[in-house]
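Both complexes below contain chain A, partnered by chain B and then by chain C.
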Partner chain A sequence: MIQYYFDWSVIWRNADRFAYALGLGLSLAVISLFIGSVIGIACAMARVYGARWLSWPVWLYVEFIRNTPLLLLVFFVYFGLPELDISYLDKTQSFILTLSLYAGAYMTEVFRAGLASIPKSYTEAAKAIGLRPWQRQRYVVLPVMFRITLPAFSNNLISLFKDTSLAAAIAIPELTFVARQINANTFRVMESWLAASALYLVTCYVIASALRRLERRYAAIR
Partner chain B sequence: MDERKDEAGLVRRGFFGLSAVGAAAGAGLGLMAPAGATAQTLGKSRLQMIKERGRLLVGTGSTNPPWHFEDANGQLQGMDIDLARLLAKNLFDDPTKVEFVLQGSDARIPSLITDKVDIVVQWMTVTAGRAQQVEFTIPYYREGVSLLLLARGGKYKSFDELKSAGNTVTIGGMQNVFLEEWVRKALPQAKVDAFESPDATLQALNARRVDAYLADQSAARWLMQQTPGRFIDSGYGWMPNSYASAVKPGDPVWLNWVNTVYKEAMMGVDFDYFAASYKKWFGIELPTPKVGFPTEFA
Partner chain C sequence: MDLQPGTFAFEAWTARYALWRGLWATITTSSFSIVFATLAGLIFGVALTYGWWPLRLLVRLYVDFMRGMPVLVLILFTYYGLALFQVNVAPYWAGVFALAGFATAHVAENLRGAVQSVPAGQMEAAKAIGLSFPKRLWYVIVPQAIRRMLPPWVNTCLEIVKGTTLLSVIGVVELLLATQQVIARNYMVIDFYLLACGIYLVVNFCIAQIGAALERRFSYIRY
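So, the complex of A and B:
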């Protein structure tokens, strides 16, 4: 075993940067999940109810995103788009756009599965009591779908939060970036990466258990 | 004649060496050195050892253009490599009689101390601290940092424009300890974006994500040389530091010989070789040294 002397003071000295980085990473994940969910609902509807000309492009979008590494998408939006003279977005906006599109593809699949698993009797019952098509969606289908998809939703939030570490590659000062920077500045390799890992772990665990409670309250269709 | 001088040198340096080893007894490392090797390096100049061996051992790296890096065929090339070949040419009349020992920057001093190499030609910055462990030759380049700008399509064209733009400017650079400090020195208000690698930083400049790329001045020149017309230098360089070769301490004959070669490369008989190499790696034509005077008057 190599002798290594831990010096955690470097972490305490940079506690404010870590805190800011953690907040930034969480915001990126939450905002992207929100936008991604909107994309996801629209695309899932298009795939389930839409005509062929509508569902086919959605299929293409979902498969393209799901089969491309996220880092490449991040690079494409950040480095590639300005080369095509599309440079309205700053680095944070570029990343949110990328992560939202990425989340959107996954949420499309989640919601599609949710829609598919709603028992036919629900919509038939809604029809029987005279609800119009949009009312059926609004009051019956979507609420049930959200409950069904809640576990998948929380899984996605956690995995998106971990994916925000890729933002370090385009100089966004989130957790991985800060850990790397402290690493470069002080050579306290173990301390900075262990601190970052612990923060990822604890945050993900807290999100997971909070959402699990929520699931227990709402998720079941009884 | 030369040999007699060396005999005398042996005696004097031998005594000096002995007392030095004695003083270092507590350090341990000094005592570990085999006595035979010590006697040999003290007795005969490395210059003679190299002549007898028939090839020069040069410590260098392979990953830092334009100093020492591999071409498409895996052959080492660069400014450092050219200087090493110039030494071999002047030793053996054959620039190929050099063996490159590839090493990381952190191995530059240890490999000299342990006699793994005869000389280090590896973009070594001269510092007073290092000069206590090795002996530096005369410097062959003054390095610094400069700002690389896009020649076309960028917002700023010169250092003055960058400076007057204040905090609306973003400077990209490699993530390292000094990045922010160096940028602040020249542009106190600028924002700094740190990237993981030089290529990511360069792409950020290409994509106009950053307004300028803070690079080693030599790297900036190399990039301009590689893609003519694409980049320009902001015209301001700072953070000066000198690149020199280093040798193991205690061998004035060898050190002086290398210094002679370097000096005459920059100012004398090998100027054409040096200037051609300089042009190749930095894209700049060196003016011919003024002739007809002692150097002190030129």
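So, the complex of A and C:
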């Protein structure tokens, strides 16, 4: 067994980079979750209420995204789109695009399950008091669906935040990238990776407990 | 079919051995990880459910630690960290170790959930007829829990197959890195990434089918 002396000064010297990286990772996750939810709602609606020609492309999209590794998708978008003459996306935008499409597929499934779990009597009651179809969606179905799907939201946010680590593969300076760079520059292996892991763990824990509080507040009406 | 250099068919045919070796590495790393993770996960899961409380706490810490960390960080940490303790392992085995460690936590948690979903009366009844603890587990609890355990287990397997792409970051030439090497030679970015997507789809589809067959096999139990 070798002796290993911890030298945490490396981490403190780079604290600002870690903080920036953490913020970047979080914002990537939140932005992607937001865009992904918009995609998800549209696709879930198409899946549940849409015609057959509308619902099977959605099915294809969801199955394609869910069965391909995220890293492959990241490279596909980052290196593949310029070949189709779409070269105005920088690496952060291309990663956000990938992660949004990825989140969109998962959110589609979440919202589809949410829509399916709304009792039929709700829409019937809305119909009975004379709401128009879009009013039924806007005032009755969607609010209930959001409450039902809130736990899945927080799960997805956490897993998306963890997936932002893949941005390191295309040199976006988020936590994994910074940890790897410090590791390579200073050889403080344990310190850099422990710091990164601790930041990931604590952030996931904080997100989880904050959202659990939100869930309790807006718990689904049974 | 005429195979002109520069066409996708020609390039794919030229790269067939490289891609096959990549796919083989993907298959072997995933299989090793799945086997290790399942075996370790079963033990950890039992410890998590029935263990003496300090043991349970330890396993709980391990599981939460693993589940709160990105797999990529885990892989890099394992790869660089093992070298630090002068454990000279190839990137291949460091990757398998990390993936298996990650999936172990998931299998353990699934097992706990499945076992605890078996009504408590079953355990009490088994106790009442005088079965020992291993027998109670093996003959009474496991056959009932396995049905609840299978779907998340298949999910974990799919996650592992997708997770093996991350091994390309530490230099294991699995399917993704093999594809990238091929692309570096012929610049047919879209074609070859789509080919890789297709291969991953096929592999995952096969696993899902095996999972469905297993679920049918173990669908004898209803509660």
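Just so we're on the same page, the second predicted complex is superposed on the first by the 219 of 222 C-alpha atoms of A that agree within 3 Å, B and C clash if a C-alpha of one lies under 4 Å from a C-alpha of the other, contacts with A are read in each partner's own complex, and residues count from 1 in each chain.
Note that a contact is a pair of C-beta atoms (placed from the backbone, for glycine too) under 8 Å apart; a residue touches a chain by one contact, two chains touch by 3 or more.
This is a predicted model, so every value here is computed, not measured.
A.B. asks: Can A:197 be said to touch chain B (first), chain C (second), both, or neither?
C.D. replies: In the superposition, A:197 touches chain C alone.
A.B. asks: Going by the contact rule set out at the top, does A:169 touch chain B (first), chain C (second), both, or neither?
C.D. replies: A:169 sits against chain B and chain C alike.
A.B. asks: After superposition on the shared chain, which partner residues are touched by A:91: those of chain B (first), chain C (second), both, or neither?
C.D. replies: So A:91 only meets chain B here.
A.B. asks: Taking the superposition as given, does A:139 touch the first partner, chain B, the second, chain C, both, or neither?
C.D. replies: In the superposition, A:139 contacts neither chain B nor chain C.
A.B. asks: What is the contact status of A:34 with respect to chain B (first) and chain C (second): first, second, both, or neither?
C.D. replies: neither
A.B. asks: A:12 in the overlay: touching chain B, chain C, both, or neither? Say first, second, both or neither.
C.D. replies: In the superposition, A:12 touches no partner, neither chain B nor chain C.
A.B. asks: Who does A:181 touch here: chain B (first), chain C (second), both, or neither?
C.D. replies: A:181 contacts chain B only, not chain C.
A.B. asks: Give the label of whichever partner, chain B or chain C, reaches more residues of chain A.
C.D. replies: Per-residue touch count on chain A favours C.
A.B. asks: Tell me the contact category for A:80 with respect to chain B and chain C: first, second, both or neither.
C.D. replies: both
A.B. asks: Contacts for A:71 in the overlay, against chain B (first) and chain C (second): which applies, first, second, both or neither?
C.D. replies: second
A.B. asks: Where on chain A do chain B and chain C both make contact?
C.D. replies: Touching chain B and chain C on chain A: residues 79-80, 83, 168-169, 180.
A.B. asks: Would you pull the chain A residues touching chain C in the complex into a rising list?
C.D. replies: The contact residues of chain A facing chain C are 1-2, 4, 64, 67-72, 75-76, 79-80, 83-84, 162-166, 168-169, 175-176, 179-180, 183, 189-190, 193, 196-197, 200-201, 204-205.
A.B. asks: Can you name the residues of chain A that touch chain B in the complex?
C.D. replies: Touch list, chain A to chain B: 78-83, 87, 91, 168-171, 177, 180-181, 184-185.
A.B. asks: Going by the contact rule set out above, which residues of chain B touch chain A in the complex?
C.D. replies: 172, 175-177, 193-196, 200, 203-204, 206-209
A.B. asks: Spell out the part of chain C that touches chain A in their complex, as residue ranges.
C.D. replies: Those residues of chain C that touch chain A are 65, 68-73, 76-77, 80-81, 83-86, 158, 161-166, 168-169, 176, 180, 183, 189-190, 193-194, 196-197, 200-201, 204-205.
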